[in-house]
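Letters A, B, C and D mark the chains as written, and numbering starts fresh at 1 in each.
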Amino acid sequence: MIIVMEESASEKQISGITDTLVRLGLVIHRSMSVHRAILCAVGDRPVALENIKALEGVKEVLHVKEPYKLASRSFKPETTEIKIKDVTIGGREVIVMAGPRTVESREQVMAIAECVSRNGAKVLRGGAFKARTSPYAFQGLGEEGLKYLREAADRFGLVLVSEVMEASQIPSFIKYVDILEIGARNMQNFSLLEEIGRFNKPVLLNRGAAATVEETLLAAEYIMSGGSYEVMLCERGIRTFLRNTFDISAIPVFKGFSHLPVIADPSHTTSMRDEVAAVAQAAVAAGADGLMIEVHHEPENASCHGMQSLPPEQFEQLMRRLRMIAKAVDRHMLSPLIEAASA
Amino acid sequence: MIIVMEESASEKQISGITDTLVRLGLVIHRSMSVHRAILCAVGDRPVALENIKALEGVKEVLHVKEPYKLASRSFKPETTEIKIKDVTIGGREVIVMAGPRTVESREQVMAIAECVSRNGAKVLRGGAFKARTSPYAFQGLGEEGLKYLREAADRFGLVLVSEVMEASQIPSFIKYVDILEIGARNMQNFSLLEEIGRFNKPVLLNRGAAATVEETLLAAEYIMSGGSYEVMLCERGIRTFLRNTFDISAIPVFKGFSHLPVIADPSHTTSMRDEVAAVAQAAVAAGADGLMIEVHHEPENASCHGMQSLPPEQFEQLMRRLRMIAKAVDRHMLSPLIEAASA
Amino acid sequence: MIIVMEESASEKQISGITDTLVRLGLVIHRSMSVHRAILCAVGDRPVALENIKALEGVKEVLHVKEPYKLASRSFKPETTEIKIKDVTIGGREVIVMAGPRTVESREQVMAIAECVSRNGAKVLRGGAFKARTSPYAFQGLGEEGLKYLREAADRFGLVLVSEVMEASQIPSFIKYVDILEIGARNMQNFSLLEEIGRFNKPVLLNRGAAATVEETLLAAEYIMSGGSYEVMLCERGIRTFLRNTFDISAIPVFKGFSHLPVIADPSHTTSMRDEVAAVAQAAVAAGADGLMIEVHHEPENASCHGMQSLPPEQFEQLMRRLRMIAKAVDRHMLSPLIEAASA
Amino acid sequence: MIIVMEESASEKQISGITDTLVRLGLVIHRSMSVHRAILCAVGDRPVALENIKALEGVKEVLHVKEPYKLASRSFKPETTEIKIKDVTIGGREVIVMAGPRTVESREQVMAIAECVSRNGAKVLRGGAFKARTSPYAFQGLGEEGLKYLREAADRFGLVLVSEVMEASQIPSFIKYVDILEIGARNMQNFSLLEEIGRFNKPVLLNRGAAATVEETLLAAEYIMSGGSYEVMLCERGIRTFLRNTFDISAIPVFKGFSHLPVIADPSHTTSMRDEVAAVAQAAVAAGADGLMIEVHHEPENASCHGMQSLPPEQFEQLMRRLRMIAKAVDRHMLSPLIEAASA
């Protein structure tokens, strides 16, 4: 049940209604819409809509037909803006998150962070722990990798995102990263979703390879129902008869049904670099709020998936094109030079 | 076998080699590359590569590992430019093909043709015969529909494309249309492909809903091996667990493997208009040479699939955005006003 | 609209109603149900159901919600039995159709026909014309192949099925074969479906690789609406992220929605012979009315797909198991020895 | 690296080689093949195969090309038999695991356990904790549910399997259940797989909805590399354009590549009861070592998914058919009456 308050509703009226509903056994979430308060009441107990509608300050009471409530546009008409340091994800600026797939060494992280920062990326991404399909594959540098990433992010003024593999890692991740990433294979690891929802930290949630839009929004709902509202959705391709197909339509569809920012990760769709760049361009043209790009300063020496990582010069060219495409769809990506000049 | 000739090779050398190979039982196709002649020899007979290599004027002889030969970039390094009247498909200009999914009446066709022409579309598309999944569904106006389309195309200076359903229709289609379209369900109707290859008419070949990139290029090869080299590939989505998913990556992949122009048709991926526009934008950003867009002047009254057709005002807004995106990827779409001004 | 007649309805009442509906512009099909006549009226014209219900001899009038009518169980409650010579497809006997994927020579066809006949197959299957994805692949022996197949079928008392590729081939096929097969790639080649529906000959319709159950039944409806009611459906796998997955559930689902016999073809799902046999066994256990099995007397020398063809000894072992499984699901497959003894 | 010992190799030779390899930094697993010892050495360190081959008692040294080692048939030629109380999974008997999808009450569990036991099921299955896609859906009775299941299993002499949702639940599950089940959505929850591998308890591992055969065997390898060798694989359908398609071919394929027992769960493929029974029959015919069947004594009152649960009478009929099909494929399922008589 969504309770839309009048614009003129007082804080007292809002908290009065909240108290009433809590006493009825419901859990209440409040949306931070700019125009008016919107409450979302979740719970098993049947409550007569008319009674709520009759309360003072209430504009309308809606039944949300979608199974997700907090993630839906009905609950929050404006796209959520997630502010981390001086970066805003979900605003007019298209945010690029870039970095190595896997942390290999301090030197590697520093070199790549310098490159992505110089070209206008705002967020550093990098894998410290690796979810590998085989128990015998390289599992990452672990906490040491997180330290390198944090050091590099700080030096180059970047926000940091890295993938957390299991609930027990969350506390140590929180010391290092700004955004907790949940990998595609964990999208329906409900105990991890619930646990992460208890920490008030932005989350980047990857869509599972076989997940529908609704299932993805329900996974976000698991996190949000724990009180952690700052969730970004990440489209990175679905399993099809071609193995992995980037679902470009998911971008407008997610944005139609939900207020959460949508990030696109074209790295998994391909083993051709031209394809990565083309899909990145397409994602911004389709309305993505951000991009995840794998960059490697020496892709031919990368420990794995070097073919999916862009070398610096190709990343630079891509960023130039993205700035023009962003403008074409009423968004922007400031050129680092312009920013430097205006600083 | 691909035989790349020296730039300096004379016409006599080229025809000498051609004759030799024909006598050996091979079929020879000649590519119209700007720099040099490239021959493709197709057939069962084993021919010693070294013997061919030794002939005068021959630069190199390649074995094409892909099963398609004439459609491959090895045979023809430059993208094929298909010139129809004053329109060039496959050049720097991104070509928009727009019109009604189904011809309903003369008035409807005229109204839509005027709208799409005014907004910069160069090709009129419209279904006269309809391939319907059910034998009881509306099957289209038939030849009468073709007449309306031709009349509208002529009045507004548009090139015309329409889908041919079966081999017996080809002769009457050729009287009316400039481009023969083969629908996704007929992509592996090999007898239709062969038949159409006998007419020297540009063909727009839709990828089948479950076709791989290779199978699509082999379908093009069927047409080309009949001598009809002017084939365009049309990406319009594949069957996945979400039903239809537009395969945005197919655009750079087709263009990497083949010299044939690639058209994107976002209409089948969706039932939301915003999704159609977003995917159209994405396709141009990913490098498509053209777009197919369903436009209807009164979509709420369309005989079918009204939700996939853009109304005129949304089409106009889309065209404005596409012009900016085209520029961002080193292509262009002239604004109709600019064209008018320069005329 | 389905009109179920009383058991006691006279032939005169039935033809009276038929005439009335025909005069109203509808096309009438009559089902050969054992208990009573069932009519299916197809057409655009709206007819008041109550008026029809009031006519004498009418038990009930149903609206068929499925888009297919003639193929639905509502129109014909009993499974259709297709009788060809002394073979009945759709009865209690599970029918095995076996033979080479491709006809290579007269000797090959004779050797394989002898083997499959000796082991209890009732139908000889073999490809004379081949639908090949590439224009350069072997296209089959053509009409010569049909002659060999017919000769072999006659010598060993087998019914013959072979795939027709295009409408123009139908008349010559009809001279040789007992069952016309439509391949998966032609399942939505509507002009071929319509054309084949004009000949009164049993049809084996392969499900397309990306076709839903409903689309397959609509393809059958295309054939049946032309008056050719003897259609068998063939499940042979769908395109998935594993490429081809045999859809075992389709067997009970087809049989639930339709009265048409269902044949299973496990050859395309695999490149392992053990998998072919396992899926064949599964199909009979799931209720298939028949099987298509590729058998080759020298699979290692087969011109193509040798790994999918069973050698004679494995075919023999499979047939023994199938006889026991058929019995477990209240069907039967007579052992050739028993048949010989009882003769 | 797989080291196959001579049949005549002494225990001393085997442990000598093991010690040598452990000193070289490898982890050694020993297969319990009936004929001879087979060792699997896992690790990063390069070891010269010839040196190992030269050691006494060694028959051959193989490189396993599959990324999974312990799960492969090369390591263990005979199918693994998992013995729990008087039940053997992976032997000639086909084992039926049956029970409610979700535990609703003590009475419900008792009634269903009685029914499934009486009809020959050997394992009771039931969900105490539920992984639900939505955070607002019923999450199960939890530990209380486990108690009811244990009580029912004990009373009717059944082995018990139930799904564990997260690592922290394992210790309490171990008090109640005989087999730990890992759900499809957790198949690539690698931290859960590793944790469960530390307990020496049989595991039933569900294939993920978008997992390949190789990924599933690698998930099993995660568990086995922790020392827990008693893993069963459960096929329950993959995501396709039809949503969920039971992959019948996976049964022979898993059994070809791996020695682990394969269980089939047809409940998720369908919403028609006839389809559940047909697929169950098919799975046994294709060689499954066991079945998971949802049974509910009052399916119309089930808290969820009632349509996928068989009512007692349909379960009884299914078991009769399964006994006959098992025999047809050289397996058996004893009838409860026969067992009672021979007792």
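Brief remarks on what is shown
Just so it is clear, a residue touches a chain if its C-beta (ideal position, glycine included) is under 8 Å from a C-beta of that chain, and two chains touch if they have at least 3 such contacts.
All values reported here derive from a predicted model rather than from experimental measurement.
Shared contact partners of chain C and chain D, listed by label: A, B.
Greatest Cα centroid separation from chain B: this falls to D. Each chain gets one centre point, the mean of its Cα atoms, and the points for chain A and chain D are 36 Å apart. Rounded to whole angstrom, the centroid-to-centroid distance between chain B and chain D, based on C-alpha atoms, equals 51 Å. Contact with two or more other chains is made by residues 210, 239-241 of chain A. Here chain A touches chain B in the complex through residues 210, 212, 238-242, 245-249, 251-253, 256, 269-270, 272, 274-275, 278-279, 281-287, 321, 324-325, 327-329, going by the rule given at the top. Every residue of chain A that touches chain C in the complex is listed here, in rising order: 239-241, 243.
Residues of chain C that touch chain B in their complex: 42, 67-69, 131-136, 165-168, 185-186, 188-192, 194, 208-210, 215, 218, 221-222, 225, 239.
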